[in-house]
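As written, the chains take the letters A, B, C, D and E, and residue 1 is the first residue of each chain.
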Amino acid sequence: MKHYKSGALLIIFTLVFALLGLTQFIHIDFTEPNLTIDYMPCLASLCLIIVAVWSCFAAVRFKHVLIIQVLTLLASYFLLKSAEHEASNIIQFWLVTISLILSANLCLKYFVEQPDVAVSQLIIAALFGFWCLYLWQLIVTVLQVPQVLLPTPVAIGHALITNTVMLWGDFVQTVIKSVVIGYLLGNGLGILSAIVIERSSFLRRGFLPLANLTSTVPLVGVAPIAVMWFGFDWPSKAAVIVLVTYFPALVSALAGLQSTNKLEQELMHSYAASYWFTLKCLRLPAAMPFIFNALKVNSALALITAIVAEYFGSPTQGLGFRISVEAARMHMPIVWSAIVVASVAGSLLYALLVYLERRVTFWHPAIRKA
Amino acid sequence: MDKVTLQLKWVPQAQFAGYYVAKEKGFYKDHGVDVTIKPGGTDISPVQVIAGHSADVIVDWMPDALAARESGVPLVNIAQIYNRSGMMLTCKKSSGIKTPSDLKGKTLGVWYGGNEYPFFNWMAKLHLTPGKDIHILKQGFNVDPLLNGQADCISAMNYNEYWQLIDAGMKKDQLISFPYEDEGVSTLEDGLYVLSPNLKNPAFVAKMAKFLAGTFEGWNYAVKHPKEAAKIVVAQDMSGAATLRVQTRQMENVAKLITYANTDKMGYLEPDAYHRTIKMLLNSGQQTVIKKDPGDSAMTHVVWELAMKK
Amino acid sequence: MNISLSLARRHSIPMGVVLVVFIVLWYALAIAMNASGVIARVLPSDWSWQDLLAATWNMSRPVLPTPHQIIIDVYNSITQWPVSSPRNLLYHAWVTASAALTGFAMGTVLGIVLAIIIVHSKMLDRALLPWIVASQTIPVLAIAPIVLVILGSLNITGLFPKAVIAMYLCFFPITIAMVQGLRSPDKMQMELFYTYGVTNLDTLKMLRFPSALPFLFPACRVAIAAGLVGTMVAELPTGAQAGLGARLLVGSYYGNTLMIWSALVVASLLGLFLTGVVSVIEYWVMRNRRIA
Amino acid sequence: MNQLFQVLTSESVAELEPEAQSQQPSRPVVSTEKLNVIYPSADQPVHALADVDLLIRKGEFVSLIGPSGCGKTTLLRVIADLEPITSGNVLVNDMTPSEARQERAYGYVFQAATLLMWRTVLANVMLPLVIQQRPEQEAQRIAREQLAKVGLSGFEDKYPWQLSGGMQQRVSIARALGFEPKILMMDEPFGALDEITRNNLNQQLQQLWREQQRTVVFVTHSISEAVYLSTKIVVMSPRPGRIVEVIDSPLPRERTAAIRDSDEFIQLTQRVRDALSEGHHEH
Amino acid sequence: MNQLFQVLTSESVAELEPEAQSQQPSRPVVSTEKLNVIYPSADQPVHALADVDLLIRKGEFVSLIGPSGCGKTTLLRVIADLEPITSGNVLVNDMTPSEARQERAYGYVFQAATLLMWRTVLANVMLPLVIQQRPEQEAQRIAREQLAKVGLSGFEDKYPWQLSGGMQQRVSIARALGFEPKILMMDEPFGALDEITRNNLNQQLQQLWREQQRTVVFVTHSISEAVYLSTKIVVMSPRPGRIVEVIDSPLPRERTAAIRDSDEFIQLTQRVRDALSEGHHEH
């Protein structure tokens, strides 16, 4: 009975809204004997009603959740189809939409209760993203938002497919050249400096407060200057990225190197271990969680910085270039497809780092627990 | 009093002096309109603004406006302020460029953001393929690439960037410029555009006519009194970067582009110029600006005629 | 207070040395970077090296301005114009700060609310968190004009759209830190409250939130700095309206490097000031907690 | 009316004469029947408690003792509704543990003091009272009283980190006593302290318990602690966790420091040790 | 030649006949003379050790016992060159502590196990051997041997956090023993464990010490632990930290579990307790 309780309210609301929506789509015109029906929304509400009724009885099994999910998807398809023609009966339309959202929510809830965490985590995030995109599509179509303001996800997807070659070139220019090089250099230098500075308390005391101060400086502001100094191609972007990522890497790595507790240091001291051995076997491993934190923060920062820097001057390629140029040409789907490329690249980099972090700092309590 | 919102394309500068003058000197009020002037910026597209119904009328360049039409924003030109184009390519003489054919193998700074179409048209005419024969940079809206030796030529407006180079210490004889007007690739610059569905509404047309009348009066005044116009513009600049000397000079140069000022053809869009621009955009090299000839649908004289009657 | 004083004393000499080295390097770099431009455009044909030094350090359109030029420029702009004038950098700092603070306030509220929701709902924890992370990989500068136009079409203009961009950057560190913080009470503390038979709200109020405070404040410092960047980025596309971002852009537009650097310096000072304010609030709120 | 009177007198008699009470069994507070707790696990489920039958009466001081991992903590947590049971029955005051928890029947003292760093000592002790929405004034009064009882008057406005470990633990005891829970549960409350402080606290706890007539369930590793404090010692053994022996203490309710040297004490200690090692060798 | 022979035989005799050794004093390993340690402090310096004179001979098992804050840890740390001294003299094997440390004379076992979480149990035990640049093969062999001795064979490839607290502490003991330090220093190594595991480990430690003939300096809070393990018990008292009494144990070197019930054991326990409370009341 537990699964029933958790979604009971949702199920009831789904049913009520779907029923309300359904009845309203059948217009009975008393002056004329024949009745007209908006078929698509009717089918949508029917699907939703089935979902709601089924949910009352279905156990939390993968099979059942799948069936419910498929029905909900069907409903969403019908709804979108009717929106494309015209949403004649706007209030009823939104009633069905709300019940659709509720049953989508229901599906997600069921997935959460799945025992296999790793799989359900992926499915839930993906489904949630899907529903957000769906609602975006729906709202933009129904409210007839001009394409130059906000394109639909379908248009963006289309632009993504038709401009693959161009976007690939931009990706190479921005991500492979500017970001990867700047990111590796910035973080590498930051970590190396941390190791150097850590040895000298004088440098540590002199540098650390200043390095900390830089976190309050809007460093992207140097982008126009970097373009002036390092030219229009990727070196200027890489330079800004180095600057932006250097200090967080330095500060975190330093904190990490100093995070070993006194006992561990004294243990090494009592063994008369050399500095390099202590660094290799104690300080660096202990610093890894901190370093990975900086790497993760920096990954998003590097990408955004590269794109900002391209606004101030670039060769005729690059994601930032594409976004600004196509925005001016009012090709918003292309703009958004470039944004998609950028954030997919960023998310993948982030995911890669999370994966590496799990491998490298497997011993850390926060990761052990998960 | 009718309310009108005008979206400019760029930061407050003498390029837009006429509108500011009309507002400050009360010409708009005299004609019974209350005008709000929204300054623009690098990435504020007036087209987006008007599509989002945040402006009634925008200042735009014709290539940009026609491209927007194809993206589904039905812009129509109701008046053309600038009869001549101020855009040009300015090169360092030391790079050895004397004629357009010398551009081969050089690095050229180009303004994007809707301003790149005439350039590509020109290159197509010269049979220079971007990326192969010439190297192109997306130039920011400043002249540093030329000063720092990063480009051999840069895009410049003859009323603005050219003088920035001079202010930076370059001598006139160190520079050579190729005005697009002379190269036969000029397109129509600052014009006033509205959404065509609005024109079906007579009240809107009347309102716009009043607005045009005020605008023309403002421009006529600005052309005659460049110093005063510059003062008004500087007062409008919230960034505190505009200076009187620069803006006065810009106003004087802008005046040369408005050849119809203080005539009864002020603001009149010559159909010939309109069609010439369209023809150029239809075959501007690899960069397709517009694919379909809009015919006469992107222009109207209705509002202008109504304005001139007053 | 005593501790921070002795801390300052311990740090002042090393910091001073590092700063001096930094400034010397700066001046040296200024010579190197400005020399070619100076030789080409400023100096007469027969120049000595003293002329070169003087010229490179006082160039009017330098590639790299020197510290004293920047300081003088900032000082002049602050002292020679009334605070309400667009030529006074304090005016621009205020414009930026007000949007950044509004955005920061909205971002903090949003961040905390999101964190509370995530901590209490297993579903949203899994559904929302990955997308919150992904949202931060969307380039702000790209969406800033879009946001400005969309909000503009809803008749929302002025400070608020900038604040929305700032909020977009602010809420993330706060959400992440608060999720961590709200989960930081150890199992025993949670069980203690459980044995009292308490509601979720009470646990939130009396246990989770106070435990999250040490996480919240550092995140606030990060967030307010991010909010400042967000506001400045939002000011770029709007061009020549007021604000430090606009100064940056206009400086770039007029090729006025000094203007860019001054804006950057004032932005840094503003960032310092704002994080300082957060730190003071933190000190005040946390004065009764153990100093780690 | 007559009945009521009888009840009243019998209760007050019990309070006045603790000796009498230990003879005549008072009503059960906790009773478990065939209690099983199995922790599911990837490789092999852990049988933490197997067929545990336990009866705790009102006013008893029950110690759970046994080697590491024998399920002492688990048993305590089951009673306090912190752990679900796999099979069997648990009744607390004739309710389920969950209901008893909702009725705020438990005061739980953990191994560490679990004080809230941001609250003063007084505010910490007031915490459960505030949650029960007692009036501020009353809560303060009770908290001060309890603090006085554990010898911490004058420390009300200090913060937990300004106290030593032993003092912190006393604060947490005061907190658990303050809202007069029907059952006081303590899981190795003195595990982290040194012997001398520990003996001190044992003595104070003994006194408090005697004065206030609470039912206490107490987990410890220390045989002498268990013997010194308890009226009933439950010896457990691991894998699977079960009760080996329940030893009723022959010692008087009131225990002085001197009692540690008495023969009875030493005998009882030995008996507990035997029971323990028996459980240890069994498997 | 003759001399050398004599030395060799006398050493081997000592090893074969532990009894004989305890009679005939072997050479001093640690000696302190008028040792003072004062911790500077903002308000008032803490006199952690005052005029401590201590002699530890080869093969002895010395326990330091005393109330919290009496300077046990400080004394241990001074010997191990972890703390600078304010005045006085310390000699370890006729060297300064720092030289002795460079010669890797110390194995130090802290209260917490201090294992590196990112190394397997085996790699943790190999750590000091790797530092001494022993060949990989040999280091592995020794580590496995030591792990077997503390009863952890089969756990070589586990990570520290996969073991219980007691097992972790045993790993850290194996680590300290592995590189055959001349002196084994242990600061409350069993403080975190329960009585039964603790007794077990005590027994194992006793056995190891007997077999390997190490010199051990051991800090503890538990009187019975000190009595059970030591050949010499150093009772300390605080403010300022100093030695109250040094008690030589009359118990035989080999100690079984049964010894805990012997009269000698109980007497010795009482003696230590008296010494302790004397130190406690003195100030």
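Just so it is clear, contacts are C-beta pairs under 8 Å (C-beta built on N, C-alpha and C of every residue); 3 or more make two chains touch, one makes a residue touch a chain.
Quantities reported herein were computed from a predicted structural model and do not represent experimental measurements.
Considering every other chain in turn, none proves to be in contact with both subunit A and subunit E. Contact with subunit B and subunit C alike is made by A. Just count the C-beta contacts per chain pair and the biggest one is A-C. Between subunit A and subunit B the centroid-to-centroid distance comes to 40 Å (mean Cα coordinates, whole Å). Separation between the centroids of subunit B and subunit D, computed from CA atoms only, is 85 Å. With centres taken as mean Cα positions, subunit D sits 50 Å from subunit A. Per-chain Cα centroids separate subunit B from subunit E by 88 Å.
Multi-chain contact residues of subunit C (touching two or more other chains) are listed as 63, 145, 149-150, 153, 236, 251-252. In subunit A, 149, 224, 228, 311-312, 324, 327, 332 are the positions where the chain touches two or more neighbouring chains simultaneously.
By the contact rule set out at the top, the touching chain pairs are A-B, A-C, A-E, B-C, C-D, D-E.
Those residues of subunit E that touch subunit A in the complex are listed here as 80-82, 101-104, 106-108, 110, 112, 114, 116-119, 127-128, 130-131, 159-161.
Taken together, the subunit C residues at the contact with subunit A in this complex read 10-11, 14-19, 22, 33, 63-64, 122-123, 126-128, 130-131, 133-143, 145-146, 149-150, 153, 221-222, 225, 228-229, 232-233, 236, 248, 251-252, 257, 260-261, 263-264, 267-268, 271-272, 274-275. Within the complex formed with subunit E, the subunit D residues making contact are 67-69, 194-197, 221-223, 276, 280. Against subunit C, the residues of subunit B that register as touching in their complex are 10-12, 39-45, 48-49, 51-54, 140-144, 147-149, 164, 168-170, 237-241. Of all residues in subunit A, those touching subunit C in their complex are 108-109, 112, 120-121, 124-125, 127-129, 132, 149-150, 202-207, 209-210, 213, 215-218, 220-222, 224-225, 228-229, 299-300, 303-304, 307-308, 311-312, 319-320, 323-324, 327, 332, 335, 338-339, 342-343, 345-347, 350.
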